[in-house]
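Here's a structure for you.
Each chain carries a letter (A, B, C and D) given by its place in the written order, and its residues are counted from 1.
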Amino acid sequence: MSSTMGDRVRISIFGQSHGEMIGAVIDGLPAGERIDPDALQAMMARRAPGQALTTPRSEKDAVRIVSGLVGGVTCGAPLCLMIENTDVRSADYERLRRLPRPGHADLPAHVKWNGFNDVRGGGHFSARLTAPLCAAGGILMQLYARRGIRIGAHLYEAAGVRDTPMDPMRVSEKDLDALLEAPLPVFDREAGEKMLSAVAEARREGDSRGGIVECAVLGLKCGLGEPMFGGLENLISRAVFAVPAVKGIEFGEGFGAARLRGSENNDPYRMGKDGPEPVSNHAGGILGGLSTGAPLVFRAAFKPTPSIALKQDTVDLAEMKDASLEITGRHDPCVALRAVPCVEAAAAAALADLVL
Amino acid sequence: MSSTMGDRVRISIFGQSHGEMIGAVIDGLPAGERIDPDALQAMMARRAPGQALTTPRSEKDAVRIVSGLVGGVTCGAPLCLMIENTDVRSADYERLRRLPRPGHADLPAHVKWNGFNDVRGGGHFSARLTAPLCAAGGILMQLYARRGIRIGAHLYEAAGVRDTPMDPMRVSEKDLDALLEAPLPVFDREAGEKMLSAVAEARREGDSRGGIVECAVLGLKCGLGEPMFGGLENLISRAVFAVPAVKGIEFGEGFGAARLRGSENNDPYRMGKDGPEPVSNHAGGILGGLSTGAPLVFRAAFKPTPSIALKQDTVDLAEMKDASLEITGRHDPCVALRAVPCVEAAAAAALADLVL
Amino acid sequence: MSSTMGDRVRISIFGQSHGEMIGAVIDGLPAGERIDPDALQAMMARRAPGQALTTPRSEKDAVRIVSGLVGGVTCGAPLCLMIENTDVRSADYERLRRLPRPGHADLPAHVKWNGFNDVRGGGHFSARLTAPLCAAGGILMQLYARRGIRIGAHLYEAAGVRDTPMDPMRVSEKDLDALLEAPLPVFDREAGEKMLSAVAEARREGDSRGGIVECAVLGLKCGLGEPMFGGLENLISRAVFAVPAVKGIEFGEGFGAARLRGSENNDPYRMGKDGPEPVSNHAGGILGGLSTGAPLVFRAAFKPTPSIALKQDTVDLAEMKDASLEITGRHDPCVALRAVPCVEAAAAAALADLVL
Amino acid sequence: MSSTMGDRVRISIFGQSHGEMIGAVIDGLPAGERIDPDALQAMMARRAPGQALTTPRSEKDAVRIVSGLVGGVTCGAPLCLMIENTDVRSADYERLRRLPRPGHADLPAHVKWNGFNDVRGGGHFSARLTAPLCAAGGILMQLYARRGIRIGAHLYEAAGVRDTPMDPMRVSEKDLDALLEAPLPVFDREAGEKMLSAVAEARREGDSRGGIVECAVLGLKCGLGEPMFGGLENLISRAVFAVPAVKGIEFGEGFGAARLRGSENNDPYRMGKDGPEPVSNHAGGILGGLSTGAPLVFRAAFKPTPSIALKQDTVDLAEMKDASLEITGRHDPCVALRAVPCVEAAAAAALADLVL
């Protein structure tokens, strides 16, 4: 009941960081949809390791679609997406069975699964599992694009350096296109460079940094969503917290709204040429869980990568005594950098029941 | 698929603000659990209108349990909880059918349901529907208490005034008890008085204020939760966004973690007398979606009440032209004040599948 | 997770035979649908006790819709249907707590719920709970009728006497109308009289009889349903077994198909004026779980009423020894007689996710 | 929403008859369960083609488990089971795109998916997809065996020839073991030979035959199941109709119960050494959807294989005119022969939420 979500469109993610295969099954896609493998692979490349300041682990993350397509077109049957884990070095991780890493799921997973959990690289809890999430999201985003819906995100903040925020009233497909072409998904290149150098500095110190990803969904018609537990905020938050290291989410003004007055935070209406429209978008495109027709905008906060080179206190589960740990594996010093397409994919997964 | 949540324990909420009845069905509770009606009614009283700076609408919100109990004890059959809407004044709202209120779901609900939505008081989108949520949560919390699990929340911030935050390592049942006895659920009474006067001032100006509720869940054993989409953060966020006006949620350090370094944010372990334990709790009691055994702590941001007395721009849906609106009904100037038990109830609802 | 079904349209049934209220919540109905209370009450009257050879217990089973309607029209919010249990005589049943009735759920329910189950009249397992099922089904059938879909059933067999079967190629709305007007829902009145006299004879002997209900769904377009676990047979069978006393279900030729040859059982196609059409309907309107466009026809087998006046062996759960039991309450001597609308309602509930 | 079932344990089946891979994801299995690959492969061999009177298509159906295991033991993460389609001859089927086969899902699937369905071998509707179902069921049955639960089935009837039925009170693990060793899963070898010769005769005539599979589940404790839609009959029937060609299911006396009297069909209780026990088992081990502790026994009716060599009438979808069809591919003349493990697997899948 854990790694599956959705009622009409069901996405079921499988695999472990150092297992043989990771992947996803997507059940319930409409038939007749062409899947562009190059566009899918471009999505995968955006989260792939091996970029500036990301894990040097070399993974091509080629997505193989082994069911559900006939001649590259969906046939109504579930799609199974497979990604091979090609660069697995289990030796790095063996001793971690005894020494749970602070900030990781190692210890609770050990307790939950009575020590049978796959400890290699965090197993099923690894950020590696965002690869099949991105694959599933990448496919969904191809279908959404045909329905006029675009999802795009940027690094809103990393290591305390802030990018130019999205303008919730005016963020456009052109803005999202620009992000895809940039080497780092930011609007303000200078801010991007400052982010990278701050993160690089933390890495040199054996440490890591956190960040915030901001994401927009464009093209949602007014009135999409269900009340109460089925609202857009409910569905998107449930999906986005599936991305490891996310510790907070906010829509529109979010936490900032708690400090505003109603007269400041409300979005008045005016009659536009296509009907009523809000004149501002403090709501982030959502009222009562339903889309307002304005851009849906949210931010997800990422904690700093818990795998750091600095020595940390932990316990030895074999001898049940205090111990210390230095993590030497390959790790991103700021998970938020590669998380941008993951947040998009999670948003895509959340919307599938409503949009398709 | 909207007003229902849960797989093993299913909570289905029904009703509209000014309909005949509101209530909830809870399916899947264990048999043999005594339900204390006084404790339930005490929970209802905490969110009831008629308190300082809350709606003067007089509602006793007596919860009638019309099924599922034999002699006050659960019998395995679903519980149906009924609350009568006693103080309904529909006349206040009739003209709002034409004039959607900024900041409310009126316009998207009108579009979604082709104008058939119940506009009286926001209909199914009204904060009135948190009454059955609280009733369901109040029942669940009685069952949890028998299993050593306590949920309690306070007003972390209102109108920009901050209460003493919970200490994520040391927050105790005694702290939660103290909140129940206070006239306003805050730790720092002086801060509470400042909140009330700031909110009262906004009301005098025809305006409203936002706030933040902080909630702790005590007594969760290590290892509770499911990976990926079934994690504690996923389930709690999905439930908490069902409370109207919530625009953000964060766990542990939350958005603050985005500015910390890994060496600051990680919670190292030490060997305690009952086994390994974290020495700090930046994680808010959750790693990889699983409970760590430390207190689970999260915060939910509430926007300012959208119903304000000040004149606002809107549109006239009958004549499709610009219009203006002054809202004269009975409204809380700060929804966060009464939202404290609602957040607890949402957390309780989120945990039902895992705890029971 | 038990008394709730459906993904998009969720029906949650609550109550016990002798509790205060029984009812159902229907979440996910489209807005703008007028509900005709007289037609709903007519549906209820078809299963009501007090008819020939049915329980003399007097229940009007007036359905009160306490939410989800504005001016008699659905508003998008969940409908809550309430039925009062007016003629409750608990004294009849008290001693049954010790003496589980053969053929009823008493003993397994006692074990499942550690003796906390409501034993009065079978509690949540009572056929009384088909009243809210019929209410929910009656509402759905009003919506279906507007979409060209009709559901109707007849007593195919009772006490070994068989009615004229439905012709799976030619069964029409007119046939279903005729059943509604007949005093007993059979095509062959003479067979109906024989059924009644055979059942009456069993009752005089303190015994009971079984029967078979045959049901048709007309107007389903070709291609409705989902593959594998989401097929029409899967969904309908899951729902129909919720009607107490059902022990078997078959579609089209059903068990008879096991004795046919492929050349006999296959339904060849011909080109009709509206496109391809089957020339026979051994499939009962379903191939691969999907509708073929031909009438959907199935039969459900009902065991004889387990409550009989004859002395039966049982055990005394208080003293854990052998005992005997004579059931003296009010009971139908053949549950199949009143089950006809229940089977229709279950079929309606099963189709809601697909049709609405 | 179609090829996935289960709430706590979710089984998601993917693939098409002539696609690259077929398989299943099982999410929610307990950790620490050793999976015996030989026992799994033995289960696969029981449904494999190439046996007497079954499809000569040569498929080894080797199941590769590419996730969820560490050292052959479940680690809590979802299992992904992969089976390669090795003997794919698409050419056989190409022209069937125009000529829908009577008795198959070809035409409704064509309509449902606007002609994008995979027509090769029936695509996702093929009985080939029972291979991953058997793989999933085979794994579940290993876990059940450790919990004292055994599932076994036999050919109750084929081509009108009946095997010795299971004795619902006395069917034992020894009986089920005997079925595994027999060349054909029947108790009465002579009956088995008659079945084979009757089926062989039908094949010689270019025709096919139907059959009935009877299945027992041993070791279920009393009180398992949920009321109403979550009963054992509901869950098992939903799962068993996922096996292609099933047209009916009955539990215990099933349709026969419709002709019995209450005094005949009720199972009286007596006090046994381990507590109350039924003295007969007309109920097939289920009352009110809950297990009684007696063997659970049900029968599933299989229609004759729709793929027959005899000429059949159909339509040409390209030219929209009448046409005829002779099916020349490799097909079992009686699907029931190989369906025995499929029915067991479906029962296993149905029980997963309750047993694990």
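In this section, contacts are C-beta pairs under 8 Å (C-beta built on N, C-alpha and C of every residue); 3 or more make two chains touch, one makes a residue touch a chain.
The structure displayed is predicted, hence computed values, not measured ones.
To find the repeat of C-D among B-D, B-C or A-B, check which pair has over half of the same contact pairs by residue number; it is A-B. Chain pairs A-D and A-C differ in how many C-beta pairs are in contact, and the one with more is A-D. Averaged C-alpha coordinates put the centre of chain A at 46 Å from the centre of chain C. Chain centres here are Cα means. That of chain A falls 39 Å from that of chain D. Within chain C, the positions touching two or more other chains are listed as 1-4, 7-8, 13, 76-77, 109, 112-113, 124, 227. By the touch rule above, chain B contacts chain C in their complex via residues 1-4, 7-10, 12-16, 19-23, 25, 27-28, 31-32, 66-68, 70, 73-80, 82, 109, 112-114, 116-118, 120, 123-124.
By the touch criterion stated above, chain A contacts chain C in their complex at residues 7-8, 76-77, 227. Interface of chain D with chain C (complex): residues 1-5, 7, 13, 100, 102-105, 107-113, 122, 124-125, 129, 157, 160, 202, 206-212, 221-231, 233-235, 237-239, 241-242, 244, 246-255, 257-271, 275-276, 278-279, 282-284, 287-293, 301-308, 310, 312-315, 317, 320-322, 336, 353.
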